[in-house]
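Chain lettering (A, B, C and D) follows the sequence in which the chains are written, and residue indices restart at 1 in each chain.
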Amino acid sequence: MPKCTINGKEVVVKDGATIIEAMHGGGAYETSDEPQKPGEKKQWAEGKVAHYCWHPGLSVAGVCRLCFVEIEGNPRLQIACNTVVTEGMKINNTSQKVKDSAKWGLDFHLINHPLDCPICDQAGECGLQEQYMEFGKYNPEMAEKKVKKHKVVDLGPTVVLDSERCILCSRCVRFTEEVSKTNELGIFNRGDRSEIGTFDDKKLDNKYSLNTVDICPVGALTSKDFRFRQRVWYLKDAETVCNGCSAGCNVRAYFNKEGFFRVKPVYNEEVNGYWMCDEGRDLYKFVNRENRYLKARRRISGGAWDEMLPGAGAKDAAGVLKSSGDAVALVLTGQYTVEEYESIVGNFVNEFKSKKIYHWNNNPKTENDFDGLLIRGDKNPNTKGLFKVLEKHGVKTSWSELEAGLGNGSIKSVVVAGPENLQFFPDMADKVKTLSKAQNVIWLQSPRFAGLDELKNNVWIIPMKSYVEKDGTFINHAGLEQKFKRVTTVVSEALTLTEAGDLLAGHHLLIKPALNTLVEAERPEDRVMLENRKKNEFVFRRGEL
Amino acid sequence: MSVVQKNTSETTKWFLPGILVGLGITFKHLAKNLLNQKKMMTLNYPEQKYEYSPRFKGNHILTVKKDGSLRCTACMLCATNCPAECITIVASEHEDPSVEKYPIKYEIDMLRCVFCGFCEEACPVDAVRMGPEWQTPGVNGANFNYGIEQLAYRPQLKGGMMSLVDDEERHKYGI
Amino acid sequence: MFQLSPEGLKTVKSEMARYEVKQSAIIPALYVAQKENNGWVNEEVIHHLSEVMEIPKAHINEVFKFYTMFNQKPVGKFHVQVCANISCALNGARELASHICKEMKIGFDQVTEDGKFTISKVECLGSCGTAPMMQVNETYYENLTPESAMNILRGLK
Amino acid sequence: MSEIKLLTEFYNKDEFRGINGYQKMGGYETLKKALKMQPQQIIDEVKASGLRGRGGAGFPTGTKWSFLPKNNEPRYLLCNADEGEPGTFKDRMMMERAPHQLIEGMIISGHAIHSKKGYIYIRGEYFYPISVVEKALKEAYDAGFLGKNILGSGVDFDLDVYAGAGAYICGEETGMISSLEGLKGQPKLKPPFPAVQGYLRKPTIVNNVETLAAVVPIIKDGAAAYKKFGTEKSPGTKLFSLSGNVMRPGNYEVPLGYPLKDMINVLGGGMKPGRTLKAVIPGGSSAPVMNAAEVEKATLDYECLAQMGTMLGSGAIIVIDDSQCMVDMLGVLMHFYHHESCGQCTPCREGTGWLDKIVHSILEGRGRLQDIDLLEKVADNMKGRTICALSDAAALPVLSFIAKFRDEFEFYVREGRSKVKGTAYAEMHH
């Protein structure tokens, strides 16, 4: 492990690490003296390096020519992204020479870059803006006409290209070559006439296409979904875990008082690296108010629907449950957190003395699929967590038992913890039909589903909070437990499954300390939790590129 | 907080002299105005209106292009800059790729507006201006929420006001 | 739709086997296709080559657009390329090029009405000692004067 | 002094192009000798001869060969015949007149570096040289000089031709490798250097046509005989391509260290009647220009020219007489580099375009005085900032043209017309 000096500070880096990795983290850095204490934030060498084309998740292109550093004994400036640290190397990137090179490098980037910022979605999180503020020349001398290229090019179903804004860092091209391996993009023509593009009928259309928008340091690639909907400075953000499938990608959700607007991936070496799939980026949609149940709804014996507050609705339903004795069943989808399962299953087992708890499997056929990169066939974020809780309480049931129970009348009342991502529940209508055989159906549901109106007999629909509105833990396909915090509240009166379970069991709502779930103790010591995993905001806070 | 001492001297207890002095001034102006009506300070509003300087910063105008469409690109800089938070913009994608982005909704709440002119300053395309008009009548609160129709195409503007900035020239030079 | 002739297809296949990687055959294949497609390459050609060579279209397009010898626009039967780089410019190549254009009554990179000629100014063709010069299709004509150049071009059938 | 014809001795004989004529004049005899030598012996001989790369950079060839890793990986020998440097036409002549000389040199070099496969990358515009070399290759295969077990020595060497398609940048060694791999001809990041990971990520040696051909006389007569010519640090002979405003332009083989003014006045036949020398670009268009005073003192070797702030480059001597406008000439060069930049590195991609636009705005009469300084600033900041040397190649002429002919630039900006021609750009070329 070579030892080098970066801006006067001695550091030890991993073998084969490049200078830019040593300076920006990127998995190559280790502190020099004491061994690292667990939980301690890894220190990076000081000094920012301007750069565009280097991305820790992609190969080195070395074309933006901004990350120059001075190496002692070498008269020429060297690019930090392609220079491997050797023993005793003395690196400096604070000298005037380096600063001048970055200044002019940025000016070269900008001479043909249009002044589109007012209508550019990237404005506010743009690499050019941020880095020019930090390293720029501030007296542009370009007085000639700019090169005209194509604007608003439709690259595919998800992405729009603006060639004039493109700085040809080739990140997106490398992404389609190396990560998605779909090879849709290319750089055509040469010199300053070069343009990114697709060829004719082969559009940029893959399951990871929106990552190109994330890694684009400028506004050349913009997402059709997010385009023009908000200026980024109106958005707040918070980290959470994607609930789109059992991969459990770490994501950052962007929202403001009008609702959620987009989701971007957050680096986590163990789970998703730097990427996430396009499907997962759509999941913010059902969270928004217009798609949610805001009030509890009740219908007695197929009559008209009443509306009431969610808590009142749950209390109302509690009475029915009490009267059903042990003919009560609970149906759980893999969409809730471990803590919630723990609480509601505990309530059922202890209060109702019922072990009629059933797992609603929405994708029995594709359960074990994997596309080789991120997407898992199991479209629930927490199936593993649900199984663990059920196992702990000794519940062993199958769906056919529920169907039998409904048929022979041994199950009269059913509590259903309904799904959040309706798009992954193609069997929703079927299951509603099956469950409508029960006398009393208490359906806990977050997004609206018109099919629930089909339920006959006595029905309670109780609004639930979605995954961004609560703290909790998901256990992904690999058994990795990921804790996440509440992002924001969209429907404040909605209930969590814990609260609903308590109310249904006839308890009052109490503010309880967080449950110490079973998995806490079982976690291997070296497991990195979401909250203290290594932070690399590289892509998603572009200002700090 | 400043404290104003009440004048408690004897003479102030007699109000009549003061009133008379005041009335004297009133009658003096009355006489002056009657004799020389041209120099009269007051106006017969609303029949007569005061002519402000053309640079007066009054009600907002959204300027238009040659073809009569809005210049505004919905960049939201005015809304971001507005200290009274009275501007609401909803952007959308335009069919014409050379326009790209335009506002489908642009509302200024005139009752919240403090007429500071920051929106004008912030605008990168000279799309919002503060015009010389200052009358803002309305019978209820909703009347003061000016939309695009009111801001750009109100009758006084005679089909919209054009900016002096020439887009074609700018485009030719790649701006 | 553009289709390679059987001989052309054979050449492309043999070029693919000739080099270590089949991508190397893109340039030779484009040469063959360009010749068969009246001297220029369009999207159909790339489609076809992509199918024949089993290489992504974007890749072939990248290569095609990078090199100047593949014409992106239709050209005349005789593609007259006049070198306008420094050694030739010192000996009046630009005047020569303008003269030819004027005589042909076309601008640069345009095709004459009878479809016979296209005149382009190009960069150094490696004939600096015999400047000014022009390349008509595959043949070099050197030590030109405006008159001799026009005589040569008029003589082309 | 006059020409020393080590390489070009028989170039005026037509039969030298065919294998029979070539063999009659002593061809392939050296190959027979070389095949009996140990590869390391050949490398040592080339090292001892001090042969430097004739393509432009002037890197010692023997040293380059010894950078190859000592393992049994397959390795390639590539001949760079993508002669794109404006002013250079020596490789074309060598391939047209003596293809077998190149082939012989390549077989010897291939033997020296244990290569089994070589390619000659010829620029696409050279249709005739390509056909000549292809024909010569066929003859060599038929005669058993190429292929498996050459002349019973147990050495295998295959050689093939690859035609480029019009890109100056493919003359850069890694650009050429990219092009050969079927990619865009964009230079690759170094490190890794081609000698370690080149063509298809295998060790690769790229040499110029002249360098490889020069291996033949070195092996034939030994390094000592070769070192007799030229100077201490620049031994041997070199082909110079003389072009521009001289009476007898053409290729001349002279020993290195030959005086530049003799090249122009003796071999080149001097300036055209009534004209005087104004400037010379000594090493292809990317070399900094020299003015008449410097030409008097200069000798044609790597050290002298480097000392004078320019370079020998590919040996293309472009002579400019006093009837030429330097602003106009810089415009020609800038258009060339703008056109040929591969578009990979930002400083070059944007910078060449910027320089081109500034020079042309001066030429079109829109220039400002600060534009001249701006040209210098831009060029200065393009130097040494890119993967390959194209941005340096574009920057150096700008810097030297302005440094040495600033008065012409200032006159043009102030008056809107050329100081020499007296007219503006538009009138000069219709």
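FYI, a residue touches a chain if its C-beta (ideal position, glycine included) is under 8 Å from a C-beta of that chain, and two chains touch if they have at least 3 such contacts.
These figures come from a predicted structure and were not determined experimentally.
Compared on C-beta pairs in contact, C-D and A-C come out with C-D as the pair having more. Centre-to-centre spacing of subunit C and subunit D amounts to 24 Å, using the average Cα coordinate of each chain.
One simple way to say how far apart two chains are is to compare their mean CA positions; for subunit B and subunit C this gives 65 Å.
Remark: subunit B and subunit D have CA centroids separated by 71 Å (rounded to whole angstrom). Subunit C has its Cα centroid 51 Å from the Cα centroid of subunit A.
Counting partners per residue, subunit A has 145, 147, 187, 189-190 as the residues that reach two or more other chains.
Within subunit D, contacts with two or more other chains are made by residues 167, 184, 339-340, 342. Pairwise, the chains that touch each other are A-B, A-C, A-D, C-D.
Residues 43, 46-47, 56-62, 65-66 of subunit C are the ones that touch subunit A when the two sit in their complex.
By the touch criterion given at the top, residues 183-190, 197-200, 202 of subunit A touch subunit C in their complex. For subunit D in complex with subunit A, the touching residues are 167, 169, 184, 189, 191, 338-347, 349-354, 357-358, 361, 368, 370-371, 374, 377, 381, 384-387. By the touch rule above, subunit A contacts subunit D in their complex via residues 60-66, 68, 76-77, 82, 84, 100-101, 104-105, 108-109, 111-112, 141-145, 147, 167-168, 187, 189-194.
The part of subunit B that touches subunit A in the complex is made up of residues 73-77, 80, 91-93, 97-98, 100-101, 124-125, 172-175.
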